[in-house]
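Got a structure for you, written out below as structure tokens; questions coming shortly.
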Amino acid sequence: MFSLEGITTAVQDWLFIKFNPTLALAMECIIVILLAITLFAGLGLVLVLMERKVAARIQIRLGPNRVGPGGMFQTVADTLKLIMKEGLTPDSADKFLFNLAPFIVMMVAMLLLAPIAFAKNFQIWDINIGVLYISAISSLSVIGILMAGWASNNKYSLLGAMRSGAQIVSYELSAGLAVLTIVVLTGSLQLSEIIAAQQNGWWIFKGHIPAVIAFVIFIIAVTAETNRAPFDLAEAESELTAGFHTEYSGMKFALFFLAEYINIFIVCAIGATLFLGGWMPLHIGSWEAFNHIMDYIPSSVWFMGKTFFLIFVIMWFRWTFPRLRIDQLLNLEWKYLLPISLLNLLLVAVIAILGWHF
Amino acid sequence: MYNQTEIIKDTTNLGPEGELIINMGPQHPATHGVLHLVVTLNGETIKKIEPHLGYIHRSIEKMCESLTYRQFIYVTSRMDYLSSHINNLGCALLIEKGMQIEVPERAKYIRVILSELTRIASHELWLGAMAMDLGAFTPFFYTFREREMITEIMEETCGARLTMNYIVPGGLMYDIHPDFQKKVKAFIKQFKEKVTEFEDLVTNNIIFQSRTKGIGILTAEDAISFGCTGPVARASGVSCDIRKLYPYDVYDKVEFDEVIETAGDSFARYIVRVKEMNQSIRIIEQLIDCIPEGDFVGKTKNVLKLPKGEFYTRVETARGELGVFVVSEGGANPYRIKFRSPGFSNLSALNHMAAGSKIGDLMATMGTLDLVIPDIDR
Amino acid sequence: MFLKEYISDVYNGVTSLLKGMRKTGYYFLHPKEIITEQYPDNRATLVLAERFKGEVVMPHDANNEHACTGCTACEIACPNGTIKVVTKFDITPEGKKKKAIDALVYHLELCTMCNLCVVACPSDAIKMAPTFEHSVFDRSKLTKILNKPASKIREGIE
Amino acid sequence: MSNEEIKEIISSTLPSATYDETGEWLNIAIDSKDWKKIATECRNGVLKMDFLFCLTCIDWKSHLTMLYHLTSTKLRHNIVVKANLDPAIAEIESVCAIWRTAEFHEREVFEMFGVNFLNHPDLRKLILEDDFKGFPLRKDFEDPINMIKL
């Protein structure tokens, strides 16, 4: 079976033979950082194009189709355009915070990449509190948004930032509780162990209805957390023109834009890891032949397939639903999602204790 | 009194009681044109809305004073460009009333069919734009698909897609295209199939309903007091359809219902417009097969001269009652023209409707008012 | 009952959302519904309505003759001074002076395509042409002279 | 309600009103000072004129005429009330408190004709720029830049 595991071990062995351990570790770090940045750029380009194509298909139009075959290089061209643009800083803005904000948002997104298992044994940092780490870091992105909104000295930005603050803080809760159901089922915070526990079936199948409910709540909550429609109140362009990034232009705007898509990718990757078995292939009970065929598909393909499916679902939401109002958004969280997920967690705990899951 | 520098100062500072003052527009995605609202906010709650108009003011009333009666009709297409045909019709009706010009039956039938097509096109555009105001982008494209069919019918028969100028005093500029009836029927068929789409996508959508129900309530009394007309007033339970009350052309011969809702909120206004589209289809279906043969334009003099006096006609545009008021001195040009545009009066109710609600509600309220800025500024 | 209401609220909300998603999902899976017209590429197959009011033209026949008598009816009918008729006096073979057009100046940049000039024309000398690609880099190019050089009025038109 | 009945009711409030029935609707000419009284009577009295559907002004060069088109949404009768004003000191009572639609229409007439509405809550320019000089819809208005004589 083809796996990325071989490559990583080969590189590591080679480095440790050639150099002393400290230097080898440093070089590994550099390689990882470079890979992460490349992945960032690549994902950004792919996801933006994907969004535009999905939107176009849903809206009975063609979407970008001029630059490159099927419009493949459209986002590359857009990025080039954004790089060449002048990055304006408003006169009355707090210049330091204004320029810092996009990098904070970006950095948070980058940090979140660390514990994600892209394929079998292909993980930057298999931290033993992986799930906790993700919840902790992902709530930091609101600081960047608040910073951007406040520093712009623009009332639209400020309103957008305030909305986003209220939104992210409250949706953290139900996202956290939904993740917690899986932690309860697995009994571990380590992502690799959560994946390993899904060897004989994904949690969404094994965990009965509570797992499905948790999955739905997780998807809703992360859609809200990444400020995507129908929860895109922070930018709500028909109300606040562009919300917190109204004053941003050029590459600084592009960083916000990129961070949004990377965040989507990351939350979808986490969703795929927790509920859909990460890189685990689909196995159905005792169908040996079927399971065997599934095993031949590389683990990275499994992981990417699941992640992109979830990304597609989130895009599908965006191009279907109208936007909620801020008080309805908070109502949804506090009156519906939070009680349901608390109840759900209780159910899951009972299931886990009594060992009713497969 | 505001002047330019004061507006700028106000936006960087706070209001007298520490409120946020936001200049919404003239360039804003939700104002559909160059409407400028100065919104005073207390947090997310709106305290006061003050419209600043005139960004697209062309003084059409003054312009018309120097045009002849034949010429001034085309200018009115530029007022409410989404129901330009109905605007033209209002002006033509006024001249016909003033000069007692006999209009052939054929022309009357075609005028009504085209008016109703215009109304559907306008409501379709409104539906898409309104959904977009609330953050749903996709219905916009679906509505434009059907609207495109109407504009193509218009293009084929009138020679233009939006500002048709198809009406002359006494009838029509030229006869309908031979394919007209066939195409209109094809449109009706497709429209009936596709109109259910919006029920799934918009009308029954829980988010849409919660965004519009109980939002921007206008009571019947207020609607009358603010001079609201059209779907805005009808959603509040005021019967004000000019087509029913003062029928013109062949509206007295067709059967249709005046759509009236009583809730007076944004959702009622939405429902009124959707049902109105169906009523328009009903009118077209009754007329399309029985367009009488004959002339398409009546006999008129070369130079039209309205007798001395004051004349007023009203027509029901997609947005409400358009009143055309002409004062004639007996010459070839009108002495004074006043257009009582529906949007102008409807906009004046905005502050009353939206004060006290959230910014998001303002979009729902403004969206369902169906403002066309050139119609307000004239 | 509160709980029952709560559950039915959630159920109805979710089903209404799913219905909407089914609709958009249908269009996602049916690319045949796409209605985009790729404009500059489809120029060859683009059919414009014959009545489309794009610009005013003066048809000339094979002998380079037109039907304009220079009566200025169009100039009078035009609401915004788009047309300017410049007349001259031709000498007919019999030695009489006859009014004819020197130039029919048409300002496309002022024209609103209202068709009033075409309706006003007593000899059907001008008509609306279904063209729409009028953009040029120099505004002065929009001022056109409709009669071709050395064109004459057709015989028999008064 | 027929024109005769309307006349009777108006005359009982304001004997000095004169009538003109040549047009489509009954025209009532009043003195501008009596307008508020007539307006209140029309709105709240038996006439139930609750809908002010058109409010405008005409410049007759020698004088200005304010026109109020009123209708009743319950009884469906229309009247036109006219009041002549002196262009130099054009003043008339505002009817914002009676028909709220008048607020915008009066502001429009204020900037276009220079009619001063007394007791208007917010009499500012609505459409024109704030520093605009002159009253564009008056017949003696000249704007050499924007008005092109054809």
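Letters A, B, C and D name the chains as they come in the text, with residue numbers starting at 1 for each one.
Definition applied: a contact is a pair of C-beta atoms (placed from the backbone, for glycine too) under 8 Å apart; a residue touches a chain by one contact, two chains touch by 3 or more.
Everything numeric in this text was worked out from a predicted model, so none of it was measured.
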With chain centres defined as mean CA positions, report which chain is farthest from chain D.
A
Report which interface contains more C-beta contacts, comparing A-B against A-C.
A-B
Chain-centre distance (mean CA atoms) for chain A and chain B, in whole Å, is 45
Cα centre of chain A to Cα centre of chain C, whole Å, reads 51
Chain B and chain C have mean C-alpha positions lying a whole-number Å distance apart equal to 24
Overlap residues in chain B, where contacts from two or more other chains coincide:
138, 145, 201, 205, 207
Chain C residues touching 2+ other chains are 17, 20, 23-24, 35
Among all residues of chain D, which ones touch two or more of the remaining chains?
150
For the complex, which residues does chain A have touching chain C?
54, 57-62, 65, 316-317, 319-321, 336, 340
Interfacial residue positions of chain C with respect to chain A in the complex:
10, 17, 20-21, 23-25, 27-28, 31, 33-36, 38
Residue numbers on chain B that touch chain D, as the complex places them
1-4, 51-54, 57, 59, 61-62, 66, 222, 224-227, 229, 238-240, 245, 309-312, 314, 321, 323, 325, 327, 335-336, 338, 340, 344-345, 347-349, 352, 377
Show me the residue ranges of chain D that touch chain B in the complex, using the header's touch definition.
22-25, 27, 50-54, 56, 58-59, 67, 69, 73, 76, 80, 99-101, 103-105, 108, 124-131, 136-137, 147, 149-150
Which stretch or stretches of chain C touch chain B in the complex?
12-13, 16-17, 19-20, 22-24, 35, 48-49, 51-53, 77-79, 112-116, 119, 128
